Structures are given as structure tokens and as C-alpha cells.
Amino acid sequence: MKRVGVFVCHCGLNIAGNVNIKEVVEKAGKQQDVVFAVDHKYLCSEPGQTLIKDSIRQHNLDAIVVAACSPAMHEATFKTIAQLSGLNRYNCEIANIREQSSWVHDDPGKATAKAHITVHQGIEKVRLNEPLQPVTVPVTRKVLVIGGGIAGIRAALDVANGGYQVYLVEKSGTIGGRMAQLSETFPTLDCSTCILGPLMVEVFRHPNIKLLRLSKVEEVKGYIGNFKVKVRQEPAYVDEAKCNACGECAKACPAQVPNEFDFGLTWRKAIYTPFAQAVPPAYVLDAKNCLGLLPQACGECKKACDKFGTSCIDLDAWPRIHELEVGAIIVSTGYELYDAAKLTEYGYGTFPDVMTSMEFERMLSASGPTTGEIKRPSDGQTPKEIVFIQCAGQREPETALPYCSKICCMYTARHAMMFRHKVPEGQAYVFYMDIRAGGKGYEEFVKRCQEEKGLLYLRGRVAKVYEENGKLIVKGVDTLSGKTVQINADLVVLAVGMVPSSESHELASKLKASLDANGFFSEAHPKLRPLESPTAGIFLAGAGQSPKDIPETVAQASGAAGKALGLLSSPTLEREPTIAHVVGELCSGCSICVPLCPYDALSLNAEKLAEVSEALCEGCGTCIASCPSGALTLRNLTDEQMVAMIEAIVE
Amino acid sequence: MTNPKIAFNWASSCGGCEIAILELGTKLVDLANKVDIVFWPAALDYKYSDLEAMPDGSINVTFMNGAIQNSENEHIAKLLRAKSKLLVAFGTCAYLGGIPSLANTTDRDGIFASSYMETPTTDNPEKTFPQTKVQVREGELTIPELYNTVKTLDQVVDVDYYVPGCPPVGEQVSKVISLFVDGPLPPKGAVLGASDKSLCHECKRTRTERKITKIVRTYETIPDSQKCLLEQGIICMGPATRGGCGSICLDANAPCRGCYGPLPKAIDQGGKMLSALSSIFDAQSEEDIQKLADSVPDPLGTFYRFSLARSLLRRTKP
Amino acid sequence: MNQLEERFEPKIVGFLCRWCSYAGADLAGTSRIKYPPNINPIRVNCSGRVDPTLVIKALASGADGVLIAGCHPGDCHYTSGNIKTLRRFKLLQRLLDQFGIERERVRLEWVSASEGERYARVVRGMTEDIRSLGPLNWKKRVEVLA
Amino acid sequence: MQSYLYFPGCSLRTVAKDFDRSAKACAHALGFELKEMQGQLCCGAVLSNVDDNLITKAGPNRILARATQEDHTLVTLCAGCYNVLKRTDLHAKLASPSQQTINTFNEETFNGGVDVIHFLEILRDRIGFDAVERAVKVPFKGLHVGAYYGCLLLRPAGEMKFDDPNRPSILENLLTRLGCTPIDYPARTDCCGSYLSVSSPGNVQPISGAIIRSARSCGARLLTVSCPLCKYNLESSQLQDSSGSTPDDFLPIVYFTQLLGLALGLQPEELELDQRQMQAVREATTPMLIGGGKK
């Protein structure tokens, strides 16, 4: 026989605007065991919380129901205030009458009726709640960072400087990521690799950072504070420690391969270093394109290395599995480019002189395929008329990407300006929908470009691009003059959007971290918890979470590192005790439940009865649903409570 | 002091429960010395008038087997309730509805149609169906009215104790009866003569991995007598059924059909078994899962064979 | 208008998994997407918690329909709870067929945390389907045919 | 004989009888029949996308509601009907509040569920172009024909999912099987001017004129279409004056079903091809190879 108090929140007009609070309070007051019911304008405010606190004392309540916003919002807040007022925090239930009542139903009468049922459900549940104590578990004070782009680099450095061990996992042969491929960065036009390079070296030299290149996360087990991660590392076939990057091996290698770092605009050897500033500064043999390792077909590289070099090549190397134990994981998997070939209206892939911004970026780069000169892929001529198409395949919910990649306005402006500098007599056109230049110095930068001579901004979209006697005919519309325009161009550059790394879906299911509709990692709360995944202990940094530019990425990376450090700052942490347990005298040991547990938390004990390991159980309840004798129950979500709630709904 | 008066009666049942009592054999004779059997139509000649003549509460305990399927069943149930201090639902039919309650998948008209028209051996051109009343030269003849829905005993009268089993096994029967002679009696509503744990608890078969790759019907195979039948793909109700029967079916290498009824905390025997069984389907893709689910023969008849009248839904949609 | 007032309002019990579907329902709220108030959700950690017996219980005690919603296959927060739900659901469907309960009344849907619109659509569709089927009203039906 | 439920629409009853008749003839030759649905109405010709002008959706919803009485697949020929009906079904599936309003108004409940397909989809997905090729009796030899798609078959691409909206190929693939030499020209997916021919005819000429020029410059000797309105606009843009007299370089327009019919060995009369059109087909085909007999 509990003494239950019910607190109904107006949330300003968010709830009160569409739900008759008075009625909800009155009806709640009439429910069994409810001794006190009251409403307040903002329960989450200080006065609101004080009201709860005082009422608990005055009416010596031993359980409360807070009817307010979704538990996803303030459940923790209200449980804590309950605890501070001397209640067991698990004697507090939230009734969601905002997100799933006042906001979604037009008719106030019906919204109120539903709100009442929701509150009644909460009352029925809390009446049967038992007081619980959190489960305390130790924390492994190490961090795993997945992805070695600028986000991963920044996060790894911050955690390492905070004094904790970091594992940095990178799938390619070097860290650096997309930023390493960039020529300049907006709005300051400073050289990208010049500012990135030193950080890469710092990572390489840092005593607290273990860099695992050519590596992928294979399996993730455990939970916040206690992750067990299997990482598979492919062999580089080159001893990092010994290699002095003399390059003799590459000279000797007969296998030519399109260079992905230049998007296939140049060639590399099967044994190669991705780029001059690569970290670790050692060559890599890509086994896929090598003439043959098993059995060994060529071995020229090894011969050359032994002859001129440091004999650091081992062609018999095998993949390694690293079994890591970490307390937190930072996901910084970054982005890839939307496949421009899907945008058939622009003819990418059909016409050689239609290229993506990233390809153009490489062409601008002094280390790129043309050492910084701008040339048409088709005939190597310098283009005179160039068209930049912004939002290519973006903000197109029907056929391509629904979202805006945020950085294209800026880098396109930079590209156009660089083109003008490199081809002074050239004419550039930029098709845009609207210029999004939010950011320090951004608007000023775009203005500068727009005022450039021979650089014309056209507000409108391009309908189609097709080839006609050696020219690319670009048909579009200028919505400002309201006229259709046709430009006979030499080169067309598509600002295609950012898409999440192709492996993020696989990784997400290993991490049990959810993705949003576009495949980016979702954050725990869009406003208040943008650095965390909804899955505890997993933090997010960089473009893997949403399109971002470099400053934002770096800021988020440092933020995520801060979060991880916070988690590691204590040797133990508390976990939810709302987990499964077995009522021994009811269990018959039929062991139907045992194989169902995704965490191997269930086993048969000495008396051949089922047993739950508290440290492992996550409380999903799958075993409970399968138990034919009702011996398994979920703490504070028992079958009795489920039935009570069902009856509250249907009565 | 006088011996306690006990009565036996049957409602809608196959008579198996009566046999279960006769099965006591010589024990029956010892019993007869300890108690007075005042009413037992199946074994001795009694008329309802004898029963009506008895004063209310004059019988110490009545063991009533069989489900309530017609007006006579109900009438006698009420009569016996009045005459008895204690009323025991004896056997699965009285307790859960049993096999007769599978009739709840149809109704009176459906039953009549199949029994008096549709069966191949029936020839009934005049479409003659049972009438509760019929006028003959000698006067009016009446027979009980068949109900649309079969009920358990406690759905028509207050019941003190329950004894599961189709039929209850011998040694449990004698235990239960002697319990009433010598006491002490458990609290009202208790289930007597059965275990509180599932059949798996007393099952001697070995279990390896809990998964079902294929549903196999008993006629399709001769099961390994040492291994769990579920793991051989044979649907065994053991996990969702009370033990105490001595697992005689399993000893005969036949699966448990669930006659000892749901476990103490199980909301619904059929639902629980359905969940347990499907949970361990060895299938991941929707197609494979569908295939396995489709291969389960007659889910209703399999999972509710003995407990339909006492289940959450009680009958099919009227 | 009159006919609108007399319209039968189905009672639907919802079991929403906390990580995907309940979050999806919340998103519908935050985005102010309207849908009928006929559903009352119960928040469970995983759709795998939903014992078919509870679905039967809901129908037996007066619900006109039951919605189970979980993460899309492969996205389950607990790896594969939703697959176990699917196994139970497929067999439950066959059982309910035999009891004569229409398939439209009990549905299993995958709704991710980002699919607020989809959640609203599911509830709309389900409410309409059940409305056209009429009340289930199980208790009464059974009593009537005693 | 396999039979498909078929909705011709207004144009195919009047200005485009030839489209309707040739299609039915081809169907027959290919071993299936087009069975006209009961209770036809105008499809509405244009589908309003706004939510406060539902009346234009009443018609198509009625049509589909009635179609469900007979079948759950409905075949169309006119690109306009195809576009409107297919999208009506999609919108209905969303069970939006406005759909309920429409149903209440129509007193005919429709919540989606009709598979609206185009005649071309039967050929491609149900019969298969291989079978069509096998059925060809009189293959064309070197008929340089340009396929013209227009908008309604392809757009909005997200809803129609008929073919690549920018580089479609279904007509070309069919024509190749008939022995034609389809020519690629940039304007084949441009808009023909559509209903501007009613509201401001002056604006249609330049638009469809450009299409004709583009096709001709890429070597088309004949255009084939699947929309009566496109055909009308493309033809009228070539007429010199109201007299309807045609210039010498007139680029003839025929329905794809008429070419299909000829290849299947049907007679021009069955396909309602008039002298002028047959003349054009002959001229466009390398002379000595006309009706080159069995392959």
C-alpha cells in the first residue's frame, strides 16, 4: 500500500495549451493509492523541483508520477529530485503527456483523455515498483578512437594529453583523412597539409597513443566503462620501425594501380606511400594489387629493399587481431562523397570533363596529379569556361540527398577564386540555390569571390549537361532574371554532397549505436547532447555525425574527448538495476532462456536453475518473454506491471 | 466419530477420471473403511433424487470431474456445491475445460451440423436435430440443453481445490484423497496432486542446445529416447506444463501434451508455450521464420489442447 | 458531422521499444506530426520484452488492436531482440487467425528513431483499418455466447 | 489468354484512337488482352500537389476504387493517365487526413493498393523484351527513330520510378529489339509544352520546335511517343500555318505501339497508320530492306 503523489506539468503552453491540466490532476487524484496530485507551470524549473521535494516531505509520499515531457528528456532530473527528497529513485515514473499527447493530437478533449490514461498507466506501474540500488561496475580507463581523420587526431591527442591511453584505429595506410587531400582551406586559404602535418606527427610520437593503421573494428562486446573490442589489423608487409621511406621498393614494383588518394587521376605502385607527409612515415604493400604473395609471384620490392634499403619488408606477414579493453569509444569515421554518377542529368562518368569538387581539389593541390595546374581530363587543355554546380544531388529529397552538406558554398567559392588566380583570362560560373556562409569570416570570403572579375554567380539550378561538338552544354535557369541560360563550358565541377562512410552502417550495428535517416550517427539529443550517441559510452566527432567544416569538426572532437575524460575520471560507474532476475522456486531449469541472451548473462547454476549475471544483463527482457513458467522477471517491468498498465489503457 | 462423507460425480467427461479412481484398486477398499461414499453414479446406483434429498453441506468433500457443457452439468454442479462443504475440480476437464473445451472453436449449431449432418457416416435427410423438448404419445420428453461454450467447473460454481490430469495419475489420486481424510488442507484454491515446477524439472532426457531447426510430427519419426524431444523438433508442452504426472508420456517416448495445465505464475498456458517455442526457432530471416511458424500444426489445438476454457480468450471469435 | 461524432474509436495498446520506436514516436511529437489519439503506448526496453501472452491479454481485456513496434532488423539496440519478436509474432498471427481475430488488429512494425512520420502513418493506418473492422469487445462477445 | 484490366482515358477515345487500337492489336498479337475497366471517368489529367485543392483527386480516386472491384493491376497507355493514377495510388497509401476527406466526399473508400502500370512495363517486366523480339515477324532495318519521352512517364522520378529520368532507355531498348536504330538526342526528355498549347499556344512552338531540331540534327527520321499531348504539340509545332499543310522536312510522329505492330506483322489499317505515316516509315527505312521478311 503505497502513498503516491502525481505532479502534472504545464510546460508553459506546450502541454497546457492542448490538455486540460485541471481535469488530468482531478482524475489522477481519484486513482488508487494516490494521496496527492498537483500541477505546476514548469516542473523542471527550480521552483517546480522544490514543489516536488516539499510535497514528498509534507505528504510523506513513497512514490511519485511526473506527467510532463518524454522520459528521454528529464527522467534523470526527476528521479534525482525524488532521491534528494528521500525516495528511492526507482519509485519515480514519468508519464509522457507532451511528445505523445499534447503535441500530436488536435482535439484537446481527446488529448486530455489520452493524457489521463498515460498518467493512470504511470500510477499503476509505480504502485508495483520496488526500490532498487544501482549496480556498480569498474571502468577501464582507456579510450578507443575509430577513424584517423582530423576529428580522430584531435580527439586522440586531447585524451592522450589528459593522461589516458588511447587506441587510434585507422582503416587506411595513414592517418590524415580527407583534410590531407585538400589543397587550401577556407576562408583563410592556408595550406591544408601544412596545418595538419604537425598534428599527425604529434600523434605518431605521443607515448599515450597506440596507432593501429590498416585496421578495422571487428567485434564490440560489453558496455559503457567496459567495452571489449576486437580489432583486425591487415599487414603492411613493411616494418614501420625500420622503414626510412627511401622508396626503392616502389621504384622496383612492376604493378601500376590507380591512386585513390588522387581519385584515380594518377597512378601509384602496389607498394607505396599514400602521400609525402603520411604517418606513420612508412611504405605499405597493398596485397590486393600485388602480383602475388601466396605464392609469392614477384618479390622485386623485397629484393630492392634488401639491396638499397633497410631490409624491412616481410612478404610473409599475417593479419593480427588486437583484443582491446576500453571504457569509452569515440567514433570519428568521417565522410565520403555522394556517387556523382547517380546524377545522370550532369553526365558524370559519361563526359570526362565533368568532375567532382574533390577531384578538382586534387588538381589544385601542388602535390596533385597536375602539380597545381588546371587541365581538362579529356585533352589536357586549360579550360577557359568553367561551370561550378553547387548542391549537386543535394537538397533533393526525392531523388538524391535531402540535406545540405554545409561546406560546398564555401569551398566552391574558394575553387572559383583559385581558378581565377590560376587562369586569369578564364571565366567561371557558379550555379547556386542560395549561399550558406554562416561562420567566422565566411560571408566576407564569399563576397570577395562574388566581386572577382570573370566570376559570375547564377542563382538557379542546372537542368542538364550534354556534349555537343567538343563543348559541354550546360542548360540551367537564372531565377533572378527569370531566364533560362545556356553555357558552353570546357569543364564542369560538381559540388556533390557528403555521405557517411560506407562502413558506418556495419560499424553502427557492432557498436549498437543508432544511425539517422541519412546514415549519419545519431546523437543522444540534437540540442543538449550532440557529442554522445544514445548508446552509453560512445561519443561522436566529425562528419560521421553530420556534415561539418574543419573548425566545427575540431571543436566537436575536443568536446567528445572531454566527455570521454569525464567518464574516465572515476574508477567506477553505476548502471541501471532494472534488469532480469530469476525467482528460484518458480524456475524449472527448462533453459529456454539461456541461448536467447545477447550478452550471455544467463546460465544454469549448480541446482540446474537459471541465473542472471548482474554485470552482463542489459535488461532487454527478451528472456522474460520466453520464460514459460514466469520465473524470469524484469525488475520494475514485471508481467504484473505490464498487465496493470494494459488494464489502465483498456478499462 | 463418523467417517467423512465423500461424493464423486462426472459432468462432461470421457470417464477416464472415474477409471483413475477405480485404478486405486485395493486401496479403494481401505479407503471405503475410512470414508463413506454417499454418491457415485458412475460406480454405484444413485439417483439425483437421493442427492436432492440430502441436507445442504452434508457431504464433506465432492470430487467433480468433467467440464460444464450442458444444462444438466450445470444443474448438478450447483446441487453438489450446495450439498458439499468442499468441492474439488477433479481432473483437467473440471479444472481447465480439457479436451471437451476444444468445442469452443465452434458453437452448438456447428457441433450439431458436424455430428448430425456432415460426418460421412451420417444419413439424416430429414435434418433431425436434438430438441430440448419433444412431445410423444406418453407426454413430453426433455433432454439437457447443449451450451455454445464449454466452461470449467469454477466458471459456474465456487471451487475449493483443483486436481489436474487427464486423468490424474494413480498415486497422486490416493495422496489427494488421503489428504482430505488425514489433512492438513492447504489454503483454498490450491492445485493438489501436481508439482509447482514444469515437467522439464523432472524430465530425465538430456538437453544440449535450445534451438528448433525443423518441426517434426510424432508419426514422422522414432525419437531418440534419451534426448529432449523439443530439440528433436517434436513439440513437447513440458516446459509450460506442471510436473507431478511422473512424466509417463515421455517414458513412452511420446511428447507431453500439457494435460497437467499451466504453471503457477503463467498467465496463459498456450501463450506461454507459443512464446517459448517460437523464441528458440533457429531462423533469422523473415522467410525462414515464416516457414518454421507455418510448419507448426494447428497452433490452437496444440497449445490449448487441455486449457482452452481456462485460457485468456476462452473460445474462438463468436 | 453527426456521423463523425458517432464514429467508433478503437482502443489500441502499443508496445514501443525504447531506443527506436518510442524515440520515433517522440520525434513525431517534436515535429508536431498529427495522428489519431487511439493508441496508448507502453514503453519497453526492447520489443523482445513483449510476450505474446501480453498481446492476447490486451485483446482479451478489451483492446481493439495491439501494435508492437521495434527497431529495424539489424538495428536492434540489443542486437537481435526484434528478430525474436518476429519469431513469436509470426506464430502468434497463426494462432490469432484460428481464434478469428483479424490480422489488421495486431501488427508488428519497424519504426526507427528517425521515422516520426512513419510512426504517425502506421498509427493512422491501423486506426482506420480497425475502425472499419469495428469493435473487438472480446469479453462481451464471449459472455453473449455462453 | 492473359488479360489485363485497362484504363484508356479520354484522349484514347477521341484524338488518339490510333494509340488505343494499335495497342490492343499488339497485345493480341503478343498473346494477352486489354480488358477495359467498368465505370471509367476522366483521370483529371493533372494531379494537384496542394492539400487544399482535393477536388482534382476525387476523379482518379474513384477510378482506382472502382478498378479494385475487378483487379489490383491497372494498365494505362496515355502517359498522362499513367502519371496521375500511379501517383494517386501512392498518395492514397499514405492514409493522410486529406485522403479521408476524399473518401468521405467520394463515398467510395480507397486507401491505395492498385498496381498502376504502363503498357511498356508489361512488355518489359511481364512478357519480357526477349519474348517480344521472338514475336517480331517483320523487323525494321536501319529505321533511324528517336524515342521521345517527355515528362509524365518519368517525373517526379521519386514517385514514378519508371526509368532514369535523365537517361531513360526503355523505349530505345524496345526499338532495338524491333530492329530499329534508336538515335540519342539531348532533348528527348525535355518538356513538349504540355497544356501551354491551350493557355498560350505561342509559347509551345519554340519549346517543341527545339525538340524537333535536336532530334533531326542527331539523325532522327521519325519520332515515337507514348503521349497524345506530346504528339499533338510536336506535330503542330511543325505545321507552317493553320491550313495544317506540312513542310517537306516534316518529322513524322507515331506511337510506339504502331511501330511495334508493324514489326509484329500487323497491317497498317489495324494500327490506324495513314498513308502519310506509312510513307514516312518507308522513307525512313533503308529502301531495299523494307519489311526484310523473317530474320
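Letters are used for the chains, namely A, B, C and D, taken in the order the chains are written, and counting of residues starts over at 1 for each.
Just so it is clear, a residue touches a chain if its C-beta (ideal position, glycine included) is under 8 Å from a C-beta of that chain, and two chains touch if they have at least 3 such contacts.
Not measured: the values here are computed from a predicted model.
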Between B-C and A-C, the pair with more C-beta contacts: A-C
Approximate Å spacing (C-alpha centroids) for the pair chain B, chain D: 69
Between chain C and chain B, distance of the C-alpha-averaged centres to the nearest whole Å: 34
Averaged-CA centre spacing for the pair chain D and chain C, given as whole angstrom: 43
Residues within chain D bordering two or more other chains: none
Multi-partner residues of chain C (each touching 2 or more other chains): 34, 51-54, 57, 80, 84, 88
In chain B, residues with contacts to at least two other chains: 266-267, 272, 275, 279
Interchain contacts, given as pairs of chains that touch: A-B, A-C, A-D, B-C, C-D
Interfacial residue positions of chain B with respect to chain C in the complex: 105, 107, 147-149, 151, 266-268, 270-272, 274-275, 277-279, 281, 283-284, 286, 289-290, 292-294, 296, 298-300, 303, 312-318
Complex contact set, residues of chain C against chain B: 51-54, 56-57, 59-60, 73, 80, 83-84, 86-88, 90-95, 98-101, 138, 141-142, 144-146
Interface residues, chain C side, partner chain D - complex: 34, 121, 124-125, 128, 132
Footprint of chain D on chain A - complex, ascending: 343-345, 397-399, 464, 466, 468, 473
Chain C-touching residues of chain A, taken from the complex the two chains share: 70-72, 96, 98-101, 103-107, 110-111, 113-114, 117-118, 121, 508-509, 512, 514-517, 522, 534-535, 578, 596, 598, 618-622, 624-626, 634, 637, 639, 642-643, 645-647, 649-651
